[in-house]
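Comments concern the structure below.
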Amino acid sequence: MTAFEPRNPGYRAAAIAMFEGQPAMRTLGVVIVRLAPGEVELAMLHSPAFTQQNGFIHAGIITAGLDNACGVAAFTLMPCEADILTVEFKTSLLAPARGERFIFKAEVVKPGRTLTFCEARAFAEHEGKTTLIAAMTGTLMAMLPREAANTAPA
Amino acid sequence: MTAFEPRNPGYRAAAIAMFEGQPAMRTLGVVIVRLAPGEVELAMLHSPAFTQQNGFIHAGIITAGLDNACGVAAFTLMPCEADILTVEFKTSLLAPARGERFIFKAEVVKPGRTLTFCEARAFAEHEGKTTLIAAMTGTLMAMLPREAANTAPA
Amino acid sequence: MTAFEPRNPGYRAAAIAMFEGQPAMRTLGVVIVRLAPGEVELAMLHSPAFTQQNGFIHAGIITAGLDNACGVAAFTLMPCEADILTVEFKTSLLAPARGERFIFKAEVVKPGRTLTFCEARAFAEHEGKTTLIAAMTGTLMAMLPREAANTAPA
Amino acid sequence: MTAFEPRNPGYRAAAIAMFEGQPAMRTLGVVIVRLAPGEVELAMLHSPAFTQQNGFIHAGIITAGLDNACGVAAFTLMPCEADILTVEFKTSLLAPARGERFIFKAEVVKPGRTLTFCEARAFAEHEGKTTLIAAMTGTLMAMLPREAANTAPA
């Protein structure tokens, strides 16, 4: 992977603040494990409250972790005044989300002034083994202040 | 839309049981509003616990509702002994998830013996106005007992 | 569907000129059948040169028709000086592309200043029967002159 | 990447025969450059016949190359009597398809008895420089003879 040069020297604090400003991440118990320009790793413990009918974590919850990983990764490369929106993502479910802990790794593949393209993968840690359980590709959008003022989100 | 003929005469009870077997839906407060062969409508009240940094519902949570709507819609057309898996979905975020209540409508576009293709839309009800906020297309897979026994989930 | 108000009064001529400026459409034999603000229908005759190993039209060629339908539909709602780019699309292949003639219908679901979200469906006409064979959702981007001047395409 | 064990010892000849059985690949001038279990690289020279309004290769044609790369990669891991179908793919267009030659690299991320998940990337070679121009994720399906006999393609 290319090393990316952040445009915002305070990218680290900005990304953490954006992440911590999301009650949904606290509710799901998602935390930042690693953060670098254009790359992020999040983790989440298993919680019975977020399972589906077979006891695995719900695909939407796995998607929330993957989407957030993409968002934080993209945000580290945006200018300091930008807000960020998800335009779209696709999630492929590759194996059941069975495990004690889940990891969400995202990286920026192509940053842009307006749009950033990211890829992310989710892994389950189960009885000492790590399994790839899902893959996401997503498009994120930077909203700059004057644009944000008078625009619908796309 | 075509009217679909359910293969499972008890499709209604089966779909409700599958839905109610998901702790994630209870935790998010998602309920079934309408159910017909190949069609479903779910609803969810706003909850601050599932918001992102701007106070809107997190895209992953909206996706959980959309995915579940697709899953239930597809499940109504599956044979009675089938279990269901999501293969993949794509969510497009069209407007902020701002509102007091959210609706998830899904319908089967193409049922199949193994794979079912669904479309779903999410709407936000905010101050008396209903807005389309997200669209999903997804592929769901029927797992029949003997297959489920000896197979990885895809 | 909502009726859309084109921002470019000459949208019809502009969309046709953009479409006819594409050698790929001529090579594939795709033509415009119907054009309205935010909506388009294209058609293509079967050609053995574009088939896959079972004699059906290749999924990439069906996708070219669908993508172009989305592009023209989105373009009808863009300002007159805009150029258009496809950001991403997903195609679901629902049935074999078997037939004498193929139809690609697209409509704008959510127009925006920068991004436009479209849906499209492909149909095959075979021995007097019309079958839905594929569905696309796509994101298109308007490039305005000053932006186009100094930007990479996303 | 994991090394994959092909189930069909004649996977190489089978994959080449499947590829060469596609008139669309000949028409587009796509050729196999490299082939290994679960991995393939295709190449295509620029052709003015397949360009869009700015002289770049049409996104649908790039998608045809990417889809075929995924199909061949998936096919190398299928049993010898299987036929292959594309279920769905998403293409993200990252940069204009400007160049003299285009490369399509695909690899299997998760093989399965019924479904195989692949990722692919397209690169443009232009004036001695290679640029990532597009990324695909796709789901492919193995059709076994008795299944193929009595089933619609999904």
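Note that the chains are named A, B, C and D in the order they appear, and that numbering of residues resets to 1 at the start of each chain.
Definition applied: a residue touches a chain if its C-beta (ideal position, glycine included) is under 8 Å from a C-beta of that chain, and two chains touch if they have at least 3 such contacts.
In this text, all values refer to a predicted model and were calculated from it rather than measured experimentally.
Chemist: Out of A-D and A-C, which chain pair has the most contact pairs?
Modeler: So, comparing the two chain pairs, more contacts are at A-C.
Chemist: Starting from the mean Cα coordinates of chain A and chain C, work out the distance between those two points in Å.
Modeler: 31
Chemist: Per the centroid of Cα atoms for each chain, what is the distance between chain A and chain B, given in Å?
Modeler: The mean C-alpha positions of chain A and chain B differ by 22 Å.
Chemist: Could you give the separation in Å between the centres of chain A and chain D, each centre being the mean of its C-alpha atoms?
Modeler: 28
Chemist: Multi-chain contacts in chain D: which residues touch at least two other chains?
Modeler: Only 87-88, 90, 92, 94-95, 110, 117, 139, 152-154 qualify.
Chemist: Taking the touch definition from the header, please name the shape of the chain graph: line, ring, star, complete or other.
Modeler: Basically all the chains touch each other, so complete.
Chemist: Show me the residue ranges of chain C that touch chain B in the complex, using the header's touch definition.
Modeler: By the definition above, chain C touches chain B via 90, 92, 94-95, 109-110, 117, 119, 132, 135, 137, 139.
Chemist: Give every residue of chain C touching chain D within the complex, in rising order.
Modeler: 18, 21-24, 27, 48-54, 57-61, 63-68, 83, 85-96, 152-154
Chemist: Using the touch rule from the top, collect the residues of chain D that touch chain B in their complex.
Modeler: Those residues of chain D that touch chain B are 87-88, 90, 110, 112-115, 117, 139, 141, 151-154.
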